[in-house]
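So, here's a batch of structures to check.
The following pair of complexes shares a single chain, chain A, combined with chain B in the former and chain C in the latter.
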Partner chain A sequence: MELVYEWFRELYQTTGINLPFIYDSYDRGRLIDGFLTTVELSLICLFFSVVIGIIGAWLQGSSFTWTRRIVNGYIQLFRNTPPLVQLYFFYFAIGSMLPRVETEWGGQAPMLGSFAWAVISLSFFAGAFNVEIFRSGIEAVPKSTVEAAESLGFSRFQIYRDVTLPLAIRVVLPSLNNNLVNLVKTTTLAYAIAVPEMLYESAQIWSDNVNVPEMMIFLLIAYFVLVGILVWGMNRWERALKIPGFGS
Partner chain B sequence: MMNRMIKGVIGAAALGAMAFTASLAQADALDNIKAAGVLKVGVKADYKPYGFLDSSGAIIGLEPDLAQDVADRLGVKVEFVPVVSSNRMQFLEQGKIDLMIATMTDRPDRREVVLIPDPNYYSSGTNVLARKEFGLMTWEDLRGKPVCGIQGAFYNKKTGQEFGADIVAFKGTAEAYAALQQGNCVAFVYDDSALVAKLNEPEFAEYEMPLPTIDDAPWGLAVQKGETAFAEFMSQTVTDWHKTGKILELETKWGVANTPFAKAMHDKYK
Partner chain C sequence: MTQRSRSHDAPPKKTDMAVMLPVKRKAHDPFRLKLTPWHGVFLALVCIFTTSYGYATTAPEVDSIRTVMLRWMPLLLEGFLFNILISILSMAVGTAVGTMLGLAQISLMPPIRHSSWFVTQFFRNAPWLVLLFFAMYLLPFEFTIAGVTIPFPDWIKAIIGLSLPVMANVSEIVRGAVLSLPSGQWEAAESLAYTRRQTLWLIILPQCVKRMLPPWMNLYSILTMATVLASIVGVSEVMTLAGRVLAAEDGRTDLLAPLYSFVLFLFFVYCYPIARWTVYLESKFAVKG
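So, the complex of A and B:
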């Protein structure tokens, strides 16, 4: 390992290509932490946004007018505002109104930190799109299928869980895929409220070492690979779920 | 199209040549300033209390006061030109200003571009703003605690690496101050000259700047390269400022606690 670090240090001295996140232990630690934070933030937001999508789409089909109105109001609010504005709003506006808790250094801090707000904000943001995506899938399920289930005595929840949703998921996977890819990329916005994710840590590294082009190239490749893994997984899932004769 | 481009290039070249001869023909900045009766000084307009706008939009502050003093010594009127860090040296090079007093840190690479007369008139370093109740004493007290900062500031790494603080860096100062007030971090690490001004605001009454300032770097005022006579005059002026305690006096006037640098310089030239 030391040899590799030495080689990259040598590379900097001879060619000027500076990759301190490989040879400098402090910068390496920062970038690894940043990468793990990005992965963690992405996975948590992916999970919650899909859950919000599934529940929201079910509530949209509710027979209560007000439930439908609230879900639609949520979608409009979160879909029609920029995610960066939402992050600032949650962190600086809502965050300051929350009850405060004692911190370990004896101060008073807001209950939720920047990471928690990023999870909340990004999950609801992507969730709003997911509700609409799942609705498109639910509406694509033939009415006769639902009627057949009703005549067999299924309850509304059972129909949603066992009939509509499994079929809908197969329809929505391509567009869900799109939205989740977008979500992973949107995690970079958490940079603005100082969530130490990969872009944030990279920015620290490039301002300390003035190696902006190298870091930009690294970031582009890193996100390409990260999103590539997600897309590969989603495509595999799509193939695994395929029912001959249904959909395409 | 091509023709027009060629004409444009020739035009630009001619303009450049004219500007060059003009700067050669310029006899001496001091004579020119006296002949014009106006001293144009580049100052900051967004750096309270060193240079900022009052309610009527006029530029006031510690550095404008210094500039006024220079003009008084020359017996001319002063004209303030607001500059920012990214254009201040260019303004001086292009002759838009005669003198620059704009919170500029004196660095060797800057001395290549502009003429910075000695001695330095001021200095600033890195410190933190924190609530008094935390009772911070040394930089080591920050270890393992979240500390707000500005993205891209060079002292973030030092504060993180040497003192073990968890830097929480924001885009601008407004966000960092908001996060500090909300209790998202124990302290805000920033330029002490800017923090000093914050301490005077009523909403920061419960805050202090408790740590010893580190990375103290001197500030230099600057004149155009080659203006040796003007630079000589400014050297005497700055020496006189230190001698008479003008800097200390102005610090008090603008609500800044007397800085160790200003005190040391006063003692040196007294």
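So, the complex of A and C:
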């Protein structure tokens, strides 16, 4: 390992290509933390946005007009406004209304930190898209299948959980895949409210070392790889869930 | 089921077997939320009531939220117009370059095809914010061509930074539209002795425009919402101005919610009709099957 660090230090001295996040232990630690925060943020948001999508799609099939209206209002509001302003709204406007709690050192701190607000805001943003996606999948499930389940005495919830959803998920996987990729890319917005994710830590590193081009190229490659891993995993899942004789 | 009772069923079904139906895009209008002027009145009333509540809770010597909002509204609207300007310009640049890139993706020459595919995928998979930083920090702030110094202000760099992902997405839209045309079109043109270029310009692309319009408009509305990212890199658009308004009002925390709601509202008013229109066009152009 020391040899590698030495080589990159040498690289900096001879060519001027400065990659401190490899040879400098402090910068390396920061970047690894940032990377892990990005992964953590992405995974938590992925989970919650899918949960919101599933619940929202279920509520959209409700027989109460007002439930449907509220869900539709939520979708339209979150789809047609900038995610960054949503994030600011949640973090600054709602965050400042919440009561402050006492920290263990006796100071005052907001009830929810920036990471928590980023999770909430981004989950709701991606969730709005997921509701639409799941709804289109649920509509693709034949009515007769649902009727068959009804005649077997399944309740509405059981039908949704055991019959409709498993079929719908297979139909919507490609578009879900697309939206989740978008979500991973949107996690960079958390930079704006100082969540220490990868972009934030990179910005710290490039302001300390003045190596903007190197960090930029590293960032582009890093996100390319992250998104690539997600797409690869989703494609595998898609193939594993494939219904024989349906789709190409 | 006898033949006779079958004939009474209003729309004759092809089969009684349970089959997976294709995903219906517009069976139930996803934009079931049909906004009428009445809703606008309702929203305005909500705004007035919440701001009056805010007024009631603030000390009498400071200006009420309503006065403050009215005072700064022209400035914020101006900022929003700047957002729209940025979005239109980067859409124009992105579409022009992206169309080229998309056509390069269906080129017959493998090096061009593969390299343009790579460029498209690369910019499509990179976060918008990172690309914006990329353009902001790596482009020079002025150009000197033949002794003439051309300044290169922040907002032009923002336009370039935002047009990079637009370019990649347009490229994919163009490629998808060209591939979605039946190959019979190509073959028919070939049999009529059209050259490849003629086929593309006269036969394929005119048909693609219709298919590309809904995703293109969708992309435009995404881009419009992404223009606020320029505030992070210091372009004085609506979000930056909102921050300055806040600073000018001594950072009153009760102003946060109305200010940000107002910005959200502006974008909603602009983007919601576009979304509705996109859905309408999609259903209009949809192949009846």
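Simple rule for what comes next: the second predicted complex is superposed on the first by the 244 of 248 C-alpha atoms of A that agree within 3 Å, B and C clash if a C-alpha of one lies under 4 Å from a C-alpha of the other, contacts with A are read in each partner's own complex, and residues count from 1 in each chain.
Note that a residue touches a chain if its C-beta (ideal position, glycine included) is under 8 Å from a C-beta of that chain, and two chains touch if they have at least 3 such contacts.
What you are looking at is a predicted structure, and each value in this text was computed from that prediction instead of being measured.
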Quiz item: For the overlay on chain A, clash or fit between chain B and chain C?
Solution: fit
Quiz prompt | Angular separation of chain B and chain C about chain A, which is computed from CA centres of the superposed model and rounded to the nearest 10 ° | solution = 70
Quiz item: In the superposed arrangement, does A:Phe92 touch chain B (first), chain C (second), both or neither?
Solution: both
Quiz item: Which holds for A:Glu132: it touches chain B only (first), chain C only (second), both, or neither?
Solution: second
Quiz item: When the two structures are overlaid on chain A, which partner does A:Ala148 contact: first (chain B), second (chain C), both, or neither?
Solution: second
Practice problem: Would you check which partner chain A:Arg68 touches, where first means chain B only, second means chain C only, and both and neither mean what they say? | Solution: second
Quiz item: Taking the superposition as given, does A:Phe224 touch the first partner, chain B, the second, chain C, both, or neither?
Solution: second
Practice problem: Answer with first, second, both or neither: which of chain B and chain C does A:Pro82 touch in the superposed model? | Solution: second
Exercise. Identify the partner contact of A:Thr164: answer first if only chain B is touched, second if only chain C is, both if each is, neither if none is.
Key: neither
Practice problem: Could you say whether A:Ala192 touches chain B, chain C, both of them, or neither, answering first, second, both or neither? | Solution: both
Practice problem: Tell me which of chain B and chain C touches more residues of chain A. | Solution: C
Quiz item: Which partner does A:Thr38 reach: the first (chain B), the second (chain C), both, or neither?
Solution: neither
Quiz item: Least CA distance chain B-chain C after superposition, rounded to whole Å?
Solution: 5
Exercise. Name the residues of chain A shared by its contacts with chain B and its contacts with chain C.
Key: 92, 96, 192, 203
Self-check item: Complex interface listing, chain C residues touching chain A
Solution: 16, 18-25, 27-28, 30-33, 122, 125-131, 133-134, 137-138, 221, 225-229, 231-232, 239, 253, 256-257, 260-261, 263-264, 267-268, 271-272, 275
Practice problem: Show which residues of chain B lie in contact with chain A when the two form their complex. | Solution: 131, 133-134, 145, 148, 151-154, 156-157, 160-161, 167-171, 175, 178-179, 182-184, 186
Quiz item: Can you name the residues of chain A that touch chain C in the complex?
Solution: 68-69, 72-73, 75-77, 79-86, 88-89, 92-94, 96-97, 132, 135-137, 139-142, 144-145, 148, 167, 171-172, 181, 185-189, 191-192, 199, 203, 206, 212-213, 216, 219-220, 223-224, 227-228, 243, 246
Quiz prompt | chain A residues within the chain B interface of the complex | solution = 26, 92, 95-96, 100, 103, 105-110, 113-114, 192-194, 196, 200, 203-204, 207-208
